[in-house]
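Chain nomenclature is as follows: A, B, C and D, assigned in order of appearance, with residue numbering initiated at 1 for each chain independently.
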Amino acid sequence: MKKSVVKSILAVALGFGLAAPSLAADTIKLGVAGAHSGDLASYGLPSVNAAKLVVEQVNANGGIDGKMVELLVEDDVCKPEVATNTATKLVSDGVHVVLGHICSGATKAALPIYNNAGVVVMSPSATNPDLTQSGDYPNFYRTIASDDAQARTEVDFALNVLGLKKIAVIHDKGDYGKGLAEFAKMFLDKSGKAEVTLFEGVTPGAVDYSAVVQKIKRSGAEAVIFGGYHPEASKIITQMRKKRMDTIFISDDGVKDDTFIKVAGKYAEGVYATGPKDTSSNPLSKKAVEDHKAKFGSDPGAFYENAYAAALALLNAVDKADSTDMEAVRNALQNNDVDTPVGSIRFDQIGDAVGVGFAMYQVKDGQYVEVK
Amino acid sequence: MEYFTELFFSGLTRGSIYALIALGYTMVYGIIGLINFAHGEIYMIGAFTSFVVATVLSIYGFPLLSIVLLAGLAAAVWSASYGYTVEKIAYRPLRHAPRLSALISAIGMSIFLQNYVLLAQSSEFQPFPELIPDFDFMEPFAHVVGSSDLVILLTTALVMVGLTMLIKFSRIGKAMRATSQDRTMAMLVGIDVNKVISVTFIIGSALAAIGGMLIASHIGQINFFIGFIAGIKAFTAAVLGGIGSIPGAVLGGFVLGLTESFATGYVSSDYEDVFAFTLLVLILIFKPAGLLGREAAEKV
Amino acid sequence: MLELQNVHTYYGNIHALKGISLEIKSGEIITLIGANGAGKSTTLMSICGVVPPRSGEILFRGECITQKSPDHIVALGVCQVPEGRHIFPQLTVQENLDMGAFLRTDKEEIKHDLEYVFSLFPILAERRAQAGGTLSGGEQQMLAMSRALMARPQLLLLDEPSMGLAPLIIRQIFEIIKKINQEQDTTIFLVEQNANQALHIADRGYVIENGAITISDSAENLLANPDVQKAYLGI
Amino acid sequence: MLSIEQLKKSLFVSLWFAFLTFPLLVIKVDPIERTVQWRWENMALVAAGSFLVSLLVRVFQVQQERRRERRATGEFVDRVPIMQIILSEPRYLYTLSGAVLLCSLVFPFLFSTYQTNIMITALMYVMLGLGLNIVVGLAGLLDLGYVAFYAVGAYSYALLNYHFDVGFWMALPIGALLAALFGVLLGFPVLRLRGDYLAIVTLGFGEIIRLILENWNEFSEGPSGISNISRPGFFGIELSLEHAILYLYYLMIAMVVFTIFVVNRLQDSRIGRAWVALREDEIACQAMGIDKRKTKLTAFALGATWAGIVGVIFAAKTTFINPASFTFLESAIILCIVVLGGMGSIFGVIVGALILILLPEYLRALSDYRMLAFGAVLVTMMIFRPQGVVANIRRSYQFKSKAEGEG
């Protein structure tokens, strides 16, 4: 008697356990993962908004092959260990394609889980070169160029346009910043045209950077290439200018953010930063920004257009493939052009977007202006 | 030589801020034997309050001097109020509980306050209005010592002297010293120990707030996370100098600031924190109670 | 002057005082004798409000002080010299004495009292600038008593003033206790393990066992009581 | 039930909080657009909220007071908490443990892979908590840098796997040993330190390890971390994700059972008693001939061993590690598990880990507010149950006079 009860309970349980994932989907589930709370939320939340707008639009037009698109939004606070939980949760919930994650580290931790479940992932912001170049992540795509491309742009600009001979390379010890700085150093060393006078990391959040600033000054560098985000960049530039140094400051996408200009104020003037090619003349981009203003009442934040593009590309690929199967979606991504706010793009074998690249900008009168 | 001087002043500025925050740690530790983990957050709240007040006033067009004074006052008042409230809510009920419980309560409070400011204000860095203008007379030295460095150094010195006088000569100062040395006896000579503890939190918090405002204005930006790192460093400074000792906190702050500055300047900023903590370990190995701490019997 | 009515005190879950009742009249020297852990110090701490009783009443001059905070009770004129003396170790002798007069504002009178305690214990005058922690045990006891006197107490609670001291100093201390009682008209509540000495200067005495008063009698009768002799006087 | 006086007090509390939160909750400035936003509705919310909370606390206090009075007069005898009955009576304890074990064994079949996955995380923290419990709970050494050993374990496996393709099972003992070695390494210089000095040095040690991992690229790949770490193999068979998670889950259950067994034995062993004695009184211990150095070092080493083991498992579970996973906050959370659960109590640590790790995970719905809630829960729990959820029976008596006199 007893045994049979246990047995039947187990049977029911097993049944549930096995049945749950196979509940046939009559919606396309688009997962959105990234930092949605905590200190990095400002990088992750714009992608949620972008996905919402895209999905709304797709559903209003009748969905994909008659199926509505459903959003599954999960927070990973940019931590690898949380990201594995996030990914498992999305996979458990039967996600078909994922827009995310935001940080490269979290993305790396989450990708094997998606890969195992046959889910294609597209990040609007994870720029670590390994993600595409290592070949370890067949299910990964991104709508942003990788760090080495960015470092290349910075170095080429410093050497060929500005003709600099002595450059200090500074980074914020983080995944993104340090990776970028290492590429910059490598390209500089290889070029043989300029000397790297200093290669050093600063501690994010430290009370004061004046010691590092003094060191830059002593190294005799004509310019600083900084890899990292805007809070550190604005601290360094502020302290350099306060020390009456007019060293040229070249930085990256993490600094090509309006917040940088707001925070650094007058000291931001003249700073160079690489960023995705200017797409503001693109009608889709204009529309995306306007839609955001209309719906959320504010300007979109970081990586908004990349996320918007990623959501469009993913859903378009599912549409073209008529399937959510990983191979089919991959094929669709690699063989179809799609119009997005960052231009008409398609993806190459390793997962980078063709046609997405970087341009150099400079702060002029409190605004980033593309340097032609 | 000029490089050395530059690094020296940079270390002093850093050290002053550490010292201002470390005072709060050391005073609270001296009096109730608790590592007040939320102290870094009080510093952050002070900086944030001065940010809000200064920005509002500058929008309404107040003159700079009145902005500085009012923002500083508001920072001190509100930080002190937070310090007082935190003690009353999170520490007082635990005064007779195991010490670790109070420590966990403090960690919880720190997490709470951080997220409170995050939600109430913003997770992004905000530009802090420049409260300390560049003085003309400082222009010849500007490449070595900035005007704000000077103001920070002077303010710190002033505060230290004021605090020392207060502790040494005032009635409440004496009560604080007595309470920190023997709480039961302090009660028995008629000291209202609860009041003394509250006052300690109030003073410590106000000092941290002033530090917060100065440093935020010095580096020109602020967010909710600044308290954590500054707090850990200041706590290190307090232990380095001998926790519980007021001159020790000041000395510890400067030693730590200078070490970091010189380590960055002559070695590498990659390992600046490694140097700071290694120095701490070394000093504690040879002087287990810190530079100026007294080697007392273990408190239970 | 002081009255305890059925006082129960707990340390956490430990029931330390189980219904203590006693009375001290103005001008008396009363002693409370008992073994280690009987609840002697707890009684004093309950009176001073450091460990407030959970139930029962403590009346000082007819006023209920059961739930009052220690500083209020001190302000009313109840001072304690706790067991182990509790000198502020890093304050000088002078500062320790100043702390005794913490609640007082009458500067002239304080000066006068300072001279009085220095007359009682001349050694303290010599050591005025020395840190309290560096004094010898006997000197610390003198300092602790002087510090309590600086508050001009009406009721002085003494917890084991003889503990750990040389016999010669003990005798001196007890003489001074008597002297304070007579010269300053200070009522004294003396807790002692050294029952013999204590009973010789006391008017009346109580015996405490396991948190309850078992015997209460005049000092002479207690000295003559065979049970007391056996248990506390070592006869 | 509540007097006017108390209502007045609550009103005062609510006014105070309205004042306190005024600059940060009411005013919101935009320094760029130079606009000020006055959010008065927040002030109303805070005032109403704090009034209610204050009233609730007062009601609670009144009840507490009544119970105390009844207890004092002997009317009310304290019930022994049900937990303690269960814990002190082997019969109940074994039944309960059996039931829990059974539940945990069928867990993956009842819930989704996601649930199983977060349960693995929770179980990892159970082990971390039990390991730290040896150092903090038993030996009384406040360690704020426990995460360093966790990192040592994780990086041992990651690096061995990356460079030499060493498998999980080989790496497990190596990681444990290396962590133990680091435990001794940290132990030596800090032998002389006590209490809070020890705390800050261990904190510093934890930071040093993390900073080295972050900066020494040639060794640790720096902040970009190490990816593609192999999951534990199952007799050479490649497992699918679901199966790998299932496998890890049962592995963790086995490890936790093993840990509980070992820690339990340790507690009652010679060395365990020496730890407890050391915690209570160092001088008396030395007087009784306990070798202080050896005892402290074993505590550090054993505690670290566990962190090392969990570190290896962590690397295997996430398949990607970087230094950002080993910050001070992690140490703080593990410490919270130990203290919140009830110091020195195995059962308490398990409860603490489940609460603290599962809580934020299930609070996902609260999104932004979850860390706020987490902090508030820590404080509240400590205020109302300072001895932890499950107080260790041996430690349930706190002598007030001690804390008073020397605190």
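Observations on the structure shown:
What we mean here is this: a residue touches a chain if its C-beta (ideal position, glycine included) is under 8 Å from a C-beta of that chain, and two chains touch if they have at least 3 such contacts.
As the structure is a computational prediction, the values presented were derived from the model and not from experiment.
Looking at chain A and chain B, the chains in contact with each of them are D. Between chain B and chain C, the least number of touch steps comes to 1. Interface comparison, A-D versus B-D: the higher number of contacting C-beta pairs is recorded for B-D.
Chain D has its Cα centroid 33 Å from the Cα centroid of chain A. Each chain gets one centre point, the mean of its Cα atoms, and the points for chain A and chain C are 74 Å apart.
Between the CA-based centres of chain C and chain D the separation comes to 46 Å, rounded to the whole angstrom. Taking the mean of the C-alpha atoms as each chain's centre, chain B and chain D sit 28 Å apart. Residue positions of chain B touching 2 or more other chains, listed in rising order: 118, 126-127, 184, 270, 273. Shown for chain D are the residues in touch with two or more other chains, namely 31-32, 215, 368, 371, 398, 400, 404-405. Residue positions 38, 41, 173, 201, 262 of chain A each touch two or more of the other chains. Chain contact summary for the complex, chain B toward chain A: residues 3, 6-7, 9-11, 13-14, 17-18, 118, 123-127, 130, 134, 142-143, 146, 148-149, 215, 218-221, 223-226, 228-230, 233, 260-262, 264-265, 268-270, 272-273.
The touching residues of chain A, counted against chain D in their complex, run 10, 13-14, 16-17, 20-21, 36-38, 41, 74-75, 79-81, 84-85, 88-89, 91-93, 104-105, 108-109, 112-113, 116-117, 128, 130, 134, 136, 173-175, 178-179, 182, 201, 262. Against chain A, the residues of chain D that register as touching in their complex are 31-32, 106, 108-115, 117-118, 121, 214-215, 217, 222-225, 227-228, 240-241, 245, 314, 317-322, 324-325, 361, 364, 367-368, 370-371.
Residues of chain B that touch chain C in their complex: 171, 174-175, 177-178, 181-182, 184-194, 294.
Those residues of chain C that touch chain B in the complex are listed here as 48-50, 69-71, 74-75, 79-80, 82, 86-91, 95, 98-100, 102-103, 147, 151.
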